[in-house]
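The following block contains the structure, expressed as structure tokens.
When the chains are written out, they are named A, B, C and D in that same order, and each has its own residue count from 1.
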Amino acid sequence: MVTCAIIGASGYSGAELMRLLAPRMDVRITRVIARSSAGERVDAIYPSLAGRVDLRFEAFEPALLEGVDVAFVALPSGEAMAVVPEVQGRVGRVIDLGGDFRLLSAAQYEQYYRKPHTAPSLLGTAVYGLPELNKDQIRQSRFVANPGCYPTCAILGLLPALTSGIVAPGGIVINALSGVSGAGRTSAVDYSYTELHGNVRAYKIGNHQHIPEIQSVLAGASGQDVALSFIPHLIPTARGIYATLHADLKQKTTVEDLVALYDRYYAEAPFVRVKRTIPQMSSVVYTNYCDIGLSIEPHTNKLVVISTIDNLVKGAAGQAIQNMNLMLGIPETTSL
Amino acid sequence: MVTCAIIGASGYSGAELMRLLAPRMDVRITRVIARSSAGERVDAIYPSLAGRVDLRFEAFEPALLEGVDVAFVALPSGEAMAVVPEVQGRVGRVIDLGGDFRLLSAAQYEQYYRKPHTAPSLLGTAVYGLPELNKDQIRQSRFVANPGCYPTCAILGLLPALTSGIVAPGGIVINALSGVSGAGRTSAVDYSYTELHGNVRAYKIGNHQHIPEIQSVLAGASGQDVALSFIPHLIPTARGIYATLHADLKQKTTVEDLVALYDRYYAEAPFVRVKRTIPQMSSVVYTNYCDIGLSIEPHTNKLVVISTIDNLVKGAAGQAIQNMNLMLGIPETTSL
Amino acid sequence: MVTCAIIGASGYSGAELMRLLAPRMDVRITRVIARSSAGERVDAIYPSLAGRVDLRFEAFEPALLEGVDVAFVALPSGEAMAVVPEVQGRVGRVIDLGGDFRLLSAAQYEQYYRKPHTAPSLLGTAVYGLPELNKDQIRQSRFVANPGCYPTCAILGLLPALTSGIVAPGGIVINALSGVSGAGRTSAVDYSYTELHGNVRAYKIGNHQHIPEIQSVLAGASGQDVALSFIPHLIPTARGIYATLHADLKQKTTVEDLVALYDRYYAEAPFVRVKRTIPQMSSVVYTNYCDIGLSIEPHTNKLVVISTIDNLVKGAAGQAIQNMNLMLGIPETTSL
Amino acid sequence: MVTCAIIGASGYSGAELMRLLAPRMDVRITRVIARSSAGERVDAIYPSLAGRVDLRFEAFEPALLEGVDVAFVALPSGEAMAVVPEVQGRVGRVIDLGGDFRLLSAAQYEQYYRKPHTAPSLLGTAVYGLPELNKDQIRQSRFVANPGCYPTCAILGLLPALTSGIVAPGGIVINALSGVSGAGRTSAVDYSYTELHGNVRAYKIGNHQHIPEIQSVLAGASGQDVALSFIPHLIPTARGIYATLHADLKQKTTVEDLVALYDRYYAEAPFVRVKRTIPQMSSVVYTNYCDIGLSIEPHTNKLVVISTIDNLVKGAAGQAIQNMNLMLGIPETTSL
């Protein structure tokens, strides 16, 4: 029996971890840590988990985690860097779902997250937990930085094209649409139902913290500088990310060749589905799949990739469990 | 030129008053009072009003209202009773959109609003501003209590049946569905987009403050005690109320006779549309109409009335303007 | 390995059966029958099932079903009565998700379904597949009529109150709200996105085919005539039913006593969650749970029960699988 | 009194024309032509228009239009080119809301609309009805081709940047999101509520008929070839278009300078609101405004313009009425 703790369990990623782990016979959640809800029953905050998770939230105490096999850290960015050092010696594996350990540079972190990094010595010690890119390293790792939701979606859509060299590494444009759960469990008026019903708004143009994550992972994987625009938008639904990716094809090619290229690249990736039709977001919601559709815009000779995931599953909790499965030698798709 | 002030202008009813009054040539909004937003431009909070309302919110100061023709009070319940006494001497007419002056009894107010009434001497001095019931009194009034959103919808659906005596005054059941704007401009997690998307929840079962309002208006109009259940629900949309009303027919009748009865009752009511088909909520959203559909459930011989309005228009700002038109001798439908 | 066939597999209930059965190791779907889509791949119609169901739809041919362990019939009402007689000899068990075998009387069927029943000799031969009521009979049955979505929700909410005799069996009012998937996979303009966004409409007032089903099951279980109003409404979401049930308490009681009564009644029902707070629909969506909340309206002494399910899971495919589990002696909650 | 006829009145653009024209004192709708609904009352199809439009749909007959001042043609693309020649001699002005007369080349029409143009002699005889670009020509015209919804939104967002020469005319990327009403009043399963709730899908990648319209208008206005990508998406709401436009700035500049440039360009455009903050779609829904927000993405030096309109108002019926006002010498903003 694998024992798990979730630190930051009262947010949406934490709740999704509970939802996905609860039915497993081989895993037991032993601790759910959430400062603001300490003492409350999980099903008081998440009635959907009544009958499935019979636990109370607890305040963070390093000793509570002693001997736990896997600690999922689902804290807001900026909080994990204080917690992870206290946890690492006590638990078997750490999977951080936030942004604190995805970048390699403390300066870049500070620029985009707008706060100094307080555990810079840990930067670079986590494996970037995108199984479709780093499966072997994840298997051997004790510390995984789970990718961001937008980066998961955008990187999976571009990896085969960039690593094969069929598109130019500059001038890439990423437009991404996210359901509102991406903003977390929040009380701001701007995220209230009435404000967002029938509404769309772009945000953080030019300074979203996922820009350096996408850029550096794609650059690292393809061995070249990558320059891209990234514009995130909120759309009126709860779950899902839909990214439309534009890149200049270096030569004329066909959709068939593109599909073949992507199929080869993702031959060992059970959660990537490559399509020659245009994907829709509803196909992946509540699943760990990433659906990727390939098109060529004839009058511009641009590759247009549609990539779509559930931000809370493949973009957060599902991918974290996929990583846990790999780290523990359990079949990758278990419970997903 | 009629001058207007809106007190409590930064909430949704206040914004809707601005939206509906801004295009009028015969009316000018001179003051928009909102404590929490004092100093801010209206279009900073409501970008939809850019180019239409060129004002800044101001903190409440009785002197600001001196000489204004019509003061709309759109404050949360409990705040108007402090403000109205200070306003009444300074302005021509007062229309209160909240609940502070709709009930006649301070004790009943305290029971349902859970706070003592601090201006009990004013109770009973306002005309209940339902033009379909009290048009003549409204015309002569200087102080109108604008009906609540649920009461407007429910009362209009039941008035002809109860006043004509065709249904029993007891055992009435009202199930009402409301868009989330009915909860006001709020930052509570429970009203966040993610929580309410794809969701429904009933609330305040047995103790909603609109119960005594509906009961007492129907009782007063029909000259008998009225007993009713009222269960409000939030549904995943922004605007609109949809009320399903069940009452026991005393005798067998036909839908044709019911339609004739309602048509007669509402012959002078330009915003009530009586139908023998089942209304849909989208027909009234962004309008001042109340659509009423009449059915008989054959196996129970119950009258089933569907009544639907836009909670922010006929249920608040639109009805307030309808009342203003009547009070000022302007045609009732102007700008609506 | 249990083999299953789905007849009428291209509708939403069929797709939901595939979604829920696909991950099972102990069950294999061998045939998916759908006349209109015969020859097409399942994932061409339901891209969400790509990588999960690797089958093509086939036209109905009785011989295709020879030797199958469980046949799920997910046809529109009126079509199953032609198909079931041809299937019964060939397969181990039949679970019909439609309405053709839920009523006992051909006359009542004709009145509410507006077509004659063409297999009246089979009426009464199916067990009504509500496990919370008929678990033992289901275990021994070879032919189950899976309850309707509204009936599941309404009956579960009323059974303990009616069978214990604490409420009057007459004058019950049921208002139920359904997501649009309840209308099936349909191309009618009235069910188009634009028409239903931000909209609500009641429908089939007084003549919905689930009225006799609810009435007769509750009457049978409680041993008395039951009279009820039932008004269904479409609301702007895809999944979920939310029923608000009103019944007259015969005596004064407390919510605590009601909760105790319901808890006892559902002690062996793993999918019913009894609550003293008001349930919300989102808690049950994508699950097989029925959440039941109990309130007393003090001024009317009415019991107000909120009951909520996912119409495609507990209201259709999930309950069908729960029935299959019971019929086959598999633990009831397997894969649900 | 101006008399109007609407040909193709039963679609959403036709209904929106009725909604916007009905309250006018200076305009009377005399004919509403709609083949498929001929004989039916307008409010039978659009119950929201009950009490506002008291007309029946009629089948098309050229003689019916004799002497009408303004004919709005709101037919599906491909149908107007048969009707306009029959109408032109009989009415004062023609405003075509479809795509048949927006392009100058029959070959281009055939390529993108996938049917031959049957009235090529009329190509080029209509003024392109974008008042912000062609106000004087519209004033003198008797035949206006009302712009498409996406083109209105995209062109308004790019005109000042391209005509001033601050951005490169190549490599422009347009991602546009549309509410589902953009697909018209349709019965296809793909546009049903259940399919589109919580869903997003791109469509017509590389071959949408608005590509040549956007390109040729921008090229004509800026006197240079313009090359652009255009990817339209359906999002889960009913109304509104939200376009995110990316273009390469030729030099470093500031948002302040951009706002000043756009403000100058739109000094005489009462329906364009230029902002330095990011617009949201809800601000323009149910209005004739186009909100434009200007940003610079620092790491790419790209201009990012957000442009948003209501597809049925500024993108169709509202703009058509704006054009009518101009053609008739009525103040441009009347009733809008």
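The working rule: a residue touches a chain if its C-beta (ideal position, glycine included) is under 8 Å from a C-beta of that chain, and two chains touch if they have at least 3 such contacts.
It should be emphasised that the depicted structure is a prediction, and the values quoted were computed from it without experimental measurement.
Compared with chain B, the chain whose C-alpha mean position is the greatest distance off is A.
Annotation: B-C is the more contact-rich of the chain pairs B-C and C-D, by number of C-beta pairs in contact. Averaged C-alpha coordinates give centres for chain C and chain D that are 46 Å from one another. Each chain gets a centre from the mean of its Cα atoms; for chain B and chain D, those two points are 36 Å apart. For the pair chain B and chain C, the distance between C-alpha centroids works out to 39 Å. Shared contact sites, meaning residues of chain C that touch two or more other chains, fall at 179, 195, 197-198, 236-238, 279-280, 282. Residue ranges on chain B touching chain D, taken from their complex, read 47-48, 50-51, 197-198, 270, 273, 275, 277, 279-280, 282-284, 286-287, 289, 291. Across the interface of their complex, chain A is touched by residues 171, 173, 175, 177, 179, 195, 197-203, 205-207, 211, 227-229, 231, 233, 235-240, 242, 244, 246, 278-282, 285, 295-300, 302, 304, 306, 308 of chain D.
Residues 12, 179-181, 183, 185-189, 191-198, 236-238 of chain B are the ones touching chain A in the complex.
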